[in-house]
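Next, two complexes with chain A in common: one pairs it with chain B, the other with chain C.
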Partner chain A sequence: MTKTQTAHQNLLALLLLLPSLIILGIFVFYPMIKTFYLSTQLTDLVGNPIKFIGLKNFANLIRSDSFITSFTITLIFVLFSTVLTLFISYIMAITASQKMKGIAIFRTMFSSTMGVSVTVASILWLFMFNPQIGLFSKILTILHLPQINWLSDPTWSLVAIIGTTVWMNLGFAFLVLLGAIQAIPQDLYQVADLDGASWWLRLRKITLPATRPTIFFVTVVTLINAFQTFGQVDILTSGGPDYHTNLLVYAIYQDAFVNHSVGRASAQSVILTLIIMLFTMIQFYVKNKREGRNAK
Partner chain B sequence: MQNSRLQKNCRFVLLLIVAILLLLPLFLGISLSLSSSQSIAQGNLLPRHLEFGNYIKVFTNTPMASFLLHSLIVSGMVMVGQIALSIMAAYAFVFLNFRFKKTLFILFLSTMMLPFEAQIIPNFATIRDLNLLNTYASIGLPFLASAFGTFMMKTSFEQVPIELKHLSDIEGLNHWQFATRVVMPYTKVNIITFALYSFLTNWNMYLWPLIATTNDNVRTVQIGLRQLRSQDTASNWGLIMAATIVSVIPTLLIIFLGQKYFKNGLTNGVIK
Partner chain C sequence: MFRNTTKYVALATIGLGAVLPLTQVHAADTKRQNIVFWHSMTGQNAQAIDRVVNDYNASQTKYKVIPEFQGQYVEALPKFLSVGGTSKAPDLFQSNEISTKQLSTSGMIEPMQTLIKKYNFSTKNLRKNILNYYTINGKLYSMPFNSSAPVLYYNKDAFKDAGIADLPTSPTYEQVTDAAKKLKEKSGRAKLSILPYGWTFEELLANQNQTLVNHGNGRKKTATKAIFDNKAGKNILNWIKTNADAGTLVDYGTGANAGDTELSAFTSNQIDMFMNSSASLGNIKKDAKFNVGVTYLPRPKNVKANGVVIGGASIWLSKGKSTKAQKGSFDFLKFATSAKEQAQWSIDTGYFAINNKSYDTKILKDAFKNTPILAAPVEQLKATKINAASAGALITSMPKERVNTQNAMENVINGKDVDSELSKAVKQTTADIKDANEQSGE
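Let's turn to the complex of A and B:
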């Protein structure tokens, strides 16, 4: 390539990348750095930094009961919502992977929650959990069981949020897992059929190992999304009762925009960022390792 | 033979049960939206007479129509912006040689592991200081560039056979002609997939539009719904459900019509 061609390509590339770089600079990199900076500051009511206090915001967090509650609750929430999402969507994917007439309609129905927004999901489930006229209260009445105050009981309210979240997650997880199951070469199963392998054995020896990379991918994505949960909490419980559904992002929002304690909110944002960076890096690492192995 | 027919029927019943359980919340929502408030108050889950009054009230008694319009504008704007910017950036990464290419690409990728929720405080300050609160720009601007989109477009542009590039060079096509006449038609399916995905995500945005709007001027449908349910309409389940169903129709349509795009895109482009 000649010198002018190189200069031309450099210039063209710059022009093509510049719009994205400006947006990412202003709305991703700058705020990220600013958040780290603010997490080390004492801030006033409008969020202006007053003075450098090192890691004191973090130290205060660890000593704060409400943060410990919300952090513990977040971990429990992430664990349960991820495991349940994976388990249920895998069963859905196996069931819908079989070839039969009309299966396309079922696949479309199964993936439909992918299009449902967090607001819509939360409002639909808000009704399901309604203590007077909701579906669950009706079922409990029929079964002669005591009523549950789904959204005001400390334990059940988290169950309610997990249920809503899992329901929302199913569409996406199902679709990705279905794709992976369908991509398994059919001859693997034909060999198993000849050997007379049972349904369970085929699942354990062929389907599960062949879809392991996708299971891992869906797990990490679901996990990361779970850490970023906000809307369900906002609509269903507003973090209550007594912080028992106060998930990390909801706590950040409350501290930043309601309690006006920006330093504290920023410190929690830093913690959130570190967690999500960690899981993203694990994902990159595993993916690269696998691709490296496949290339060999 | 009989055994396999039995198995098939079992499978069908299983599929049906899963489908019913999964769609139950949505079905109940539709059912309530078609019920009178009297019927709901009596505890009926199914309407006694079909009533479409709630849907009329959604458009006459609430600002839902303008919320829907705002969402359409914001989602469309951001979608167009994301497609344009992602295609531009991906073209550079795939078809051009330039300095710091690798570094810049890593910079793009790195934004995918930075949670937006951790950036809301400074972003709110930026939007406020630019005097953009309660404008379409305030909701859309932070999302115009998409690392995910750039990554997805890059992966699909890499599928364009190198022979086509050589041929275009021989034919004397410039970059603009090569991009619009060869690359984009060749990767049309991926571009459509990203467009659908983008619109869906924008339509369903929650946290940021909640922060960036303080009045009804440009309020999007998600935040409008949140507002409906926290106001005096809160106990009017029929009305709330009608508004909810109206708001979800566009995205469900996208899911149904774009089914094959999503499945291919999710399994081929993104994960591998």
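Let's turn to the complex of A and C:
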């Protein structure tokens, strides 16, 4: 291949990449760079930068109680909502992968939360958490247990948000995992049956390893979604009581659009970006390591 | 040939005759000056505001007001701030009371005062204590439009069943607590709700004639610190604590819908006492199947009621609009604040009629006669003393102050100490004021 031909090909490649480069540039890279820039600025009440203040926005954040609370509860929230989503949806998927009459009805029911929007789901749960007429309050009364203020107690409100989020995540996670389980070749199980392998052994040695890539995929998606939770918080608690459900994305929204501190909001965005990046890197590192080991 | 010519002439004449009125209508339409009006009214209130605008457009032919819904107050404000001063900015912009400081110093608006003189607009019939909120250093900045104030609602039938006398005009904390205890004895359940909401705290503070921030509630000059770390602030939190400890308090939390939950709990007999805006009266009247009692915001026993701070929203004029547009905007404001329009607006929505003359109109007089509970909010407003506390605080970091006081209220309900929660809220509010002042270069 001659030099001009290569140059031509490069040019062609660039030309073909151009549309996506432009779109990414405008909607991803430009806002990202601008956010980094704004995080080092003191901004006026409209959001325009006034002066360079270096890392002062970050220093202020670390010193602020509300940010530390937000940060801590975000990590707790992400951890619990991801683990619980994965665990429960996997159990649901195994149960629903059984071949029996009428199983399709259960499969539809289990995946039905996919069709519920965040707002609708939150309003639904808001009714259930009502301190007087809510479902949970009624159950506690029947069981003669003390009442719980689901949405106004610092600990229980986070539990409430996690519960709502897990419920909303279940449909999607269930469907993806069910697909993966059903794709496992049946002869593997038949051979295992011949050997008299127990249900537990088959799960550990066949089902789990075969669905590992899907589990990884669901984990990444749920984790990143969890970091970006917004609607449930707004409707159920608005970040209260005393910032105990003030997840980072909600805090960013509040600071940028309600409190008019764009600099502070940008600094929090940068921190959130770094955390998500770190988590994603850890996950891919673990995945690659595992695949490397399996290949040997 | 000749016959054909006649045909063509006839056709052309008819054609011209058909087109001519169209062009005339079109010409008349372009001659009308468009006035773009951004608002945040939803549901029943949106219909009411459309009615005001349609009435105005039908009443004259020079101007045409185009109402545009721009989301809730909190969503509309950043939109306005991002286009303010450009040709894309609306002529008129409705914004809530707590954005007053920010808009007045934004440089994107034209103070009402300068144009009031220019166009001979008279504010003499508008309610003094409502104008008071939007007046800074003797200058009116925006035109009051939809105004409300908090009142205490209670269920008269439930009171009767529990053998409690109706609450007096200006009830005390002690009387409310006492009633809450009796209601609990009777029903076995908590029947009082004090929503952890910054606005409620501000109002309860103003009712004790205490300012939220220094420098005359930030109205003499820019406020530099919060000063509610005193007896008045403690009174409020102690009252909440007393009821939380006695198990007479229901806590609906801080979610975006907590206010709606509280409201529907009241109309469905889940709770029997709560405080809310007088603008909710319309909904309560419609949904409640019992005798509703409406009375003034409570006060501590040994403190005289000072009155309430006006809430709701006002209408701002954009800076840099043409004289013609300004004239039209003013013409519309004159119409919207007129006695007749405000009377109908008040009946449609539950907001106050801001024009004193509205109370002499037949429709409003009839409404008051048919539903006497409409009177309490107006009476409370009339009884309100005009001073710095009832004028309301003027700071940019108002949304943060609301979160701080809300946290203090919620923490006290959850059993934390009153004194430390109050001083924490005051300290944080002062820090927020300092940050905001730095941002606005003050």
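Everything that follows uses one rule, which is that the second predicted complex is superposed on the first by the 252 of 296 C-alpha atoms of A that agree within 3 Å, B and C clash if a C-alpha of one lies under 4 Å from a C-alpha of the other, contacts with A are read in each partner's own complex, and residues count from 1 in each chain.
The rule we apply is simple: a residue touches a chain if its C-beta (ideal position, glycine included) is under 8 Å from a C-beta of that chain, and two chains touch if they have at least 3 such contacts.
None of these values were measured; they are calculated from a predicted model.
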First, second, both or neither for A:261, with chain B first and chain C second: second
Which of chain B and chain C A:288 touches, first, second, both or neither: neither
Partner chain in contact with A:178 - chain B first, chain C second, else both or neither: first
Touched partner set for A:34, first chain B, second chain C, both or neither: first
Partner chain(s) touched by A:72 [first = chain B, second = chain C, both, neither]: neither
Chain A: partner with more touched residues, chain B or chain C: B
Which of chain B and chain C A:126 touches, first, second, both or neither: both
Partner chain(s) touched by A:234 [first = chain B, second = chain C, both, neither]: both
Partner chain in contact with A:190 - chain B first, chain C second, else both or neither: neither
Intersection of chain A interface sets (partners chain B, chain C): 47, 123, 126, 132-133, 234-235, 257
Contact footprint of chain A on chain C as seen in their complex: 74-75, 78, 81-82, 84, 102, 106, 189, 196, 250-258, 261, 265, 270-271, 396-397, 399-400, 403, 406-407, 410-411, 413-414, 432, 435-436, 438-441
Footprint of chain B on chain A - complex, ascending: 1, 6, 9-10, 12-14, 16-17, 19-24, 26-32, 34-35, 38, 47, 91-92, 95-96, 98, 100, 103-104, 106-121, 123-128, 132-133, 135, 138, 167, 170-172, 175-176, 178-180, 183, 213-214, 217, 224, 227-228, 230-231, 234-235, 249, 252-253, 256-257, 262, 265-266, 269-270, 272-273, 276-277, 280-281
Residue ranges of chain A touching chain C (in the complex, touch as defined): 42-47, 50, 123, 126, 130-133, 149, 151-154, 157, 234-243, 254, 257-261
Partner chain A, residues of chain B touching it in the complex: 8, 11-12, 14-15, 18-19, 22-26, 28-29, 32, 40-41, 43, 45, 85-86, 88-89, 91-92, 96-99, 101, 104, 107-108, 111-126, 141-145, 147, 150, 175, 200, 203-204, 206-207, 210-211, 222-223, 225-226, 229, 237, 240-241, 244, 247-248, 251-252, 254-256, 259, 262-263, 266-267, 271
